[in-house]
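Across the two complexes that follow, chain A remains constant while its partner is chain B and subsequently chain C.
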Partner chain A sequence: MPPRVDATKCTGCGICDLVCPGDVIHQLDKELHPLVRYPEECWYCGSCRADCPEEAISYVFPAVII
Partner chain B sequence: MDGGPRSSSDGLEVVCDVLVVGGGAAGCLAAIGARQKGADVVLAEKGGSITRSGNLASGIDHYIAVLGEAPWDTPEGFLANLEEVNEYLVDMELAGVFAREVAAMVRYLESIGVPFRDKETGRYRRVPGLSSQKPRLINLEGADVKKLLAREVHRLGVKVVERMAVHDLLTNGQETVGAVGVGVRSGTFHVFRAKAVVLTTGGVVRLYPTPSGLTFMSHHCPYNTGDGQAMAFRAGAELTNMEFTYCSIVPKDFSTAGISGLVGLGARIINALGERYMEKYHPWGEKAPRNAVVWGTVQEIKNGRGPCYVDCTHLPPEIIGLIKLGIQNEKATTLDFLEAKGIDLGRDPLEFEPQEFDLGVSFAFGAGSGILIDKTCATNIEGLFAAGDCTHFSFGATSANTLGYRAGQEAAKYAGLCSTVPSPAEKHLAEHRDRLLAPINRKEGISHHELEEKLRRTMARYVGFGRNARGLETALKSLQTMKGDRQKLLASNPHELLRSLESQNLVDVAETVVTAALERKESRAVPCHYRADFPERDDENWKKFLVIKKEDGMTGIKCRSTLHEDGSG
Partner chain C sequence: MPADALRNEVIEVDVLVIGGGLAGCWAALRAKDLAGRVLLVEKARVGSSGASTFCAGDILWWTPQDDLEAWLQHYAERGGFLLDPEWFELLCRNIYERVLEMDSWGAPFEKDEHGDLVRKQGRGTDAAVVFPGYQLMKFMRRKVLERGARVMDRICVTRLLKEGDGVVGAVGFNTINGRFCTIKAGATVIASGGCCWKGNYYGLDMICGESFALAYEAGAALSNMEYSNTFNSSTPRFDIYGMSRFQRLGGKFTNAGGERFMEKYDPEMKDGAYTHTLAMAMYREMKAGRGPVYFDLIEMPEKDRALSLKLLPMLFKLLERSGLDLFKERAEWMPSFVGAMGSAKGIKLTDTDCSSTVPGLYAAGDAACQGLVIGAIMGPGAINLTWAIVTGFLAGEAAARFAQERGVLEPGTAQIQQAREYTLRPLNRKKGASPDDLYYELQKIVIPGEHSIIRQGERMQQALARALEIQDEAGRLRAQDPHYLVKCHETVASALTTEMVYRSGLLRTESRGGHFREDYPETDNKNWLKWITLEKSVGGMALSTQAVPLHKYQKYGITPPST
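For the complex of A and B:
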């Protein structure tokens, strides 16, 4: 289920929501962690991970392709 | 809903000289070009931020350029065999414009910080690639190119409207007067009034099933759904080359760009028996046009010599390092994928396969599919311009930047000639509003998933590697049903509304693809258009472009031997 947010590192800054080109990640509230709301619509472009200031995002590939 | 454009659920009405639709490689440069001409510019982008959107969201590893660094590196050298390589489907007038202007674009991009030059030598690192025997490519560290473009767009004072899905053009008779769209998060209806509109919405992805079965794991950006092509077509614009669907080679189960870069740096293409097979299919071997490499691979697999591999194992460690750097710059997650699969490029050949078909980036080397533009990037509709992968001329990011800039400048010039921003008719706005918001206002219906899945199955079954009249007619019939299904789409939130609008555009584009494929009774640029009932290339009858257009609500096709013979050029 790509991408995955590490709740222990995430500060809730919302950058991943902002830079996702596909409206896949939603952070509706500063107090909450971002939600990967439409994981099946991820392009694996890497934008959220590249721009996360806390390095809290990693990619997990579906078992079917590994 | 009672209609009427002034409902409380509507967004603000935006008025400007030039509206640019799509904030990718072409759109950012169109906005910059128009702004530099003094126009008041609005850039509407579907994604959350123009710092990461479109095909360049993930980055880029190479540009195609003409820099005058060698005798072959001139516009004349570049154009010399271009028609032949593109099987006579490339617009030579636009190719000339591109060849003469791309060097200035590279210098401009360098001036805003794009790292084209090798850090150690201070020179451009030129390499060959698929479709290019000569080292016409520049390898660059382009992972963050979009951020640099976005910074410049903002610095120049372009008004950027993000999370905005522009869906239809507004026209007064034969003239473009703006566009309408919905907010991606708000689901509200928005009106853009403009003297000129530039469409830079990218290619058409999600038309065909991906090899991995994961719809959004596509070579090109899956959020590019032919929005510009569809809205232009609905407004009466001409499209061309729609029958030629793009296909490249991608790592098995991970559809991504970047393999061309491997070949450029010396990787070999081999079959399961370890044979380098491309010489059999094209005199240029592994540097053959992209479509020929795909076709050769399809033959090898069909004849039991697959799986096929890109083999880097003979290359020295420093080249392997450059290859990995290229992948990192193009799409870093590809390296994660290779790691997860346990593939080390220096040790293991990489299994690859033909990707899902899409439209946009050139299916050969410059010849693209989409909105027909002239050398000023103007369409056949007054005040409507286009550039990049949504047009019929594309070298990917390079030409998107170069012609995007030109489109912006020309749109600004056109806007300068208009005294006022025209007003669209209120009645039309109400109709648009009702249609755009219909899926979210319905109580029951079908999901965009159902419609899109049906579309992709149809395209794969009847409009794939092998086509024939019977199959294409079946696809057209099925598309008629899908056009009816569009009237039943149901969205339960703004995100689903966005996908519903995209799926409607996909159906419109698909109809142009199938119609043109049925009309062209020959095979050309195989496998982009292979008709099993007309398996040979027929230069006598078909060395020409098919131009497709809606007239009086009907889809019509005209053939032209050169694209601008109707006086549009």
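For the complex of A and C:
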């Protein structure tokens, strides 16, 4: 389920929600980790992973892609 | 319906720019030089959305030392003489200044040891300056904010507002909370891209033809919409960006038998061919049983390998992770649908100030008719970003001047109420199909090779009939939240764009550049050195043709084909 957020690194800053062009990631509350709300719509553009200051985001590619 | 959707935000500005890619950012920057209040709205987020965010960063850069006539000759011949030479000259002269301007801002262009801009090869060019693609839009966002233009992200524009003949603003909604907003504007620039039908190519899933739908519904004319079937090429497993450069820097295509087949299809440009030739070649090789086809970078020189790794780090990381080393071995390759991006289609420009046929409305970038500088070429490479920058600049300038003269006009509450009802209607439905399923139906009549690479009259008739059915269904979709409301409006816009494509494609009874018809395989210069224009009329979509101003070629010493 792309993208995957590492809860031990995530500080809840919300940048991933801010930059996601597909409106896939939602940070509903500062205390919570971001929610990948529409995982099937992610097209692996890399914006959230590239901009995450904690390097907490990784992708899990489905079998058809790798 | 979310509680926020019930509220109405009203904003008044001098210049409204719709779409925050490279063209939209340039329009906002230039407009801000001349006008007080400039607003840039973007459906996703300025800096990480739009086709320019996912480009390789090659900008075609003409300098006064270059031979304008030679450049023009190349694009004119390759584009089947559908371009306007005066527009081409303007593009060249303007981009020279714009790149120097960007350089003076400290844009991270690739430079040599003397500090001079490095020009690299790309598809069809030896003269592209290189800006790391993934930094380009972040840089532009900073510039727009620095200059004092207002940026609103997550605003999906659904209708333009009119007063008399002119456009006086737009309405839309916030894609997160559903809040409706009305923007009254002295002038409006559409820069929200082409239409990619959520195809399999990288990063284009949000570009759904809204530019064309907004302009059409407001009465503006569109041109060359049959050229909406661009392809790039990529691995079947994921998308590759930077192909324009790779095709010219040692990249080679081979078929199952190991033959370098591109020499057959384009003896001059070979592996560096424009993508309408490339997609056709791959399609024909596969149909002839010589597939699959492959691509590799084994012959790429060492210095270009280093530069590629530097410019496209994410791509090479992905390649490495999936065990593909194109520098060592070939990988299976396929045509990859891009749609109405970087091709001839778009909102008709009536003048070199990027004005549309409707007063107060301007178009820039992929939204505007790029055929004026590339004709029928598909996948022209670095000239796409050049077009975005130059038309953005020109549209922003003209829009600011128009706004100063006319001022902000009142659209009237009845019109706003009607537009609001139209915008939010899918949220109010208790029943209705999901936009995802319907969008897939649309993709089936646009993306497959028999609809895009090789066209035919009867197939286009059937696709058109299906597009009209889908348009009808798109008017009855249900959105459970604002996120799905975006997708409902995307489906409506893409279905309308599909109708434009097939009506224009049926009218053009010849083959030229990216438009290939198996029932009319020859180029017909006698009848078709023409642009096809369409606009909304009482009886539906009305099409007409206009002869290409061939007399303009003589000024540049170029002889066009005789008609």
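The definition used in the following text is that the second predicted complex is superposed on the first by the 64 of 66 C-alpha atoms of A that agree within 3 Å, B and C clash if a C-alpha of one lies under 4 Å from a C-alpha of the other, contacts with A are read in each partner's own complex, and residues count from 1 in each chain.
Keep in mind that, in the parts below, a residue touches a chain if its C-beta (ideal position, glycine included) is under 8 Å from a C-beta of that chain, and two chains touch if they have at least 3 such contacts.
A quick note: this is a predicted structure, and the numbers were derived from the prediction, not measured.
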Touched partner set for A:Tyr44, first chain B, second chain C, both or neither: both
Partner chain in contact with A:Asp23 - chain B first, chain C second, else both or neither: both
Set of chain A residues, in rising order, touched by both chain B and chain C: 18-23, 37-38, 41, 43-47, 50-51, 61, 64-66
Chain A residues within the chain B interface of the complex: 17-23, 37-38, 40-47, 49-51, 59, 61-62, 64-66
Interface residues, chain A side, partner chain C - complex: 18-23, 37-38, 41, 43-47, 50-51, 61, 64-66
Contacting residues of chain B [partner chain A, same complex]: 46-49, 51-54, 57-59, 143-144, 163, 184-185, 212-218, 221-223, 253-254, 256, 331-333, 336-337, 340-341, 495, 498
Complex contact set, residues of chain C against chain A: 44-45, 47-50, 53-54, 134, 154, 175-176, 202-203, 205-206, 237-238, 314, 321-322, 483, 486
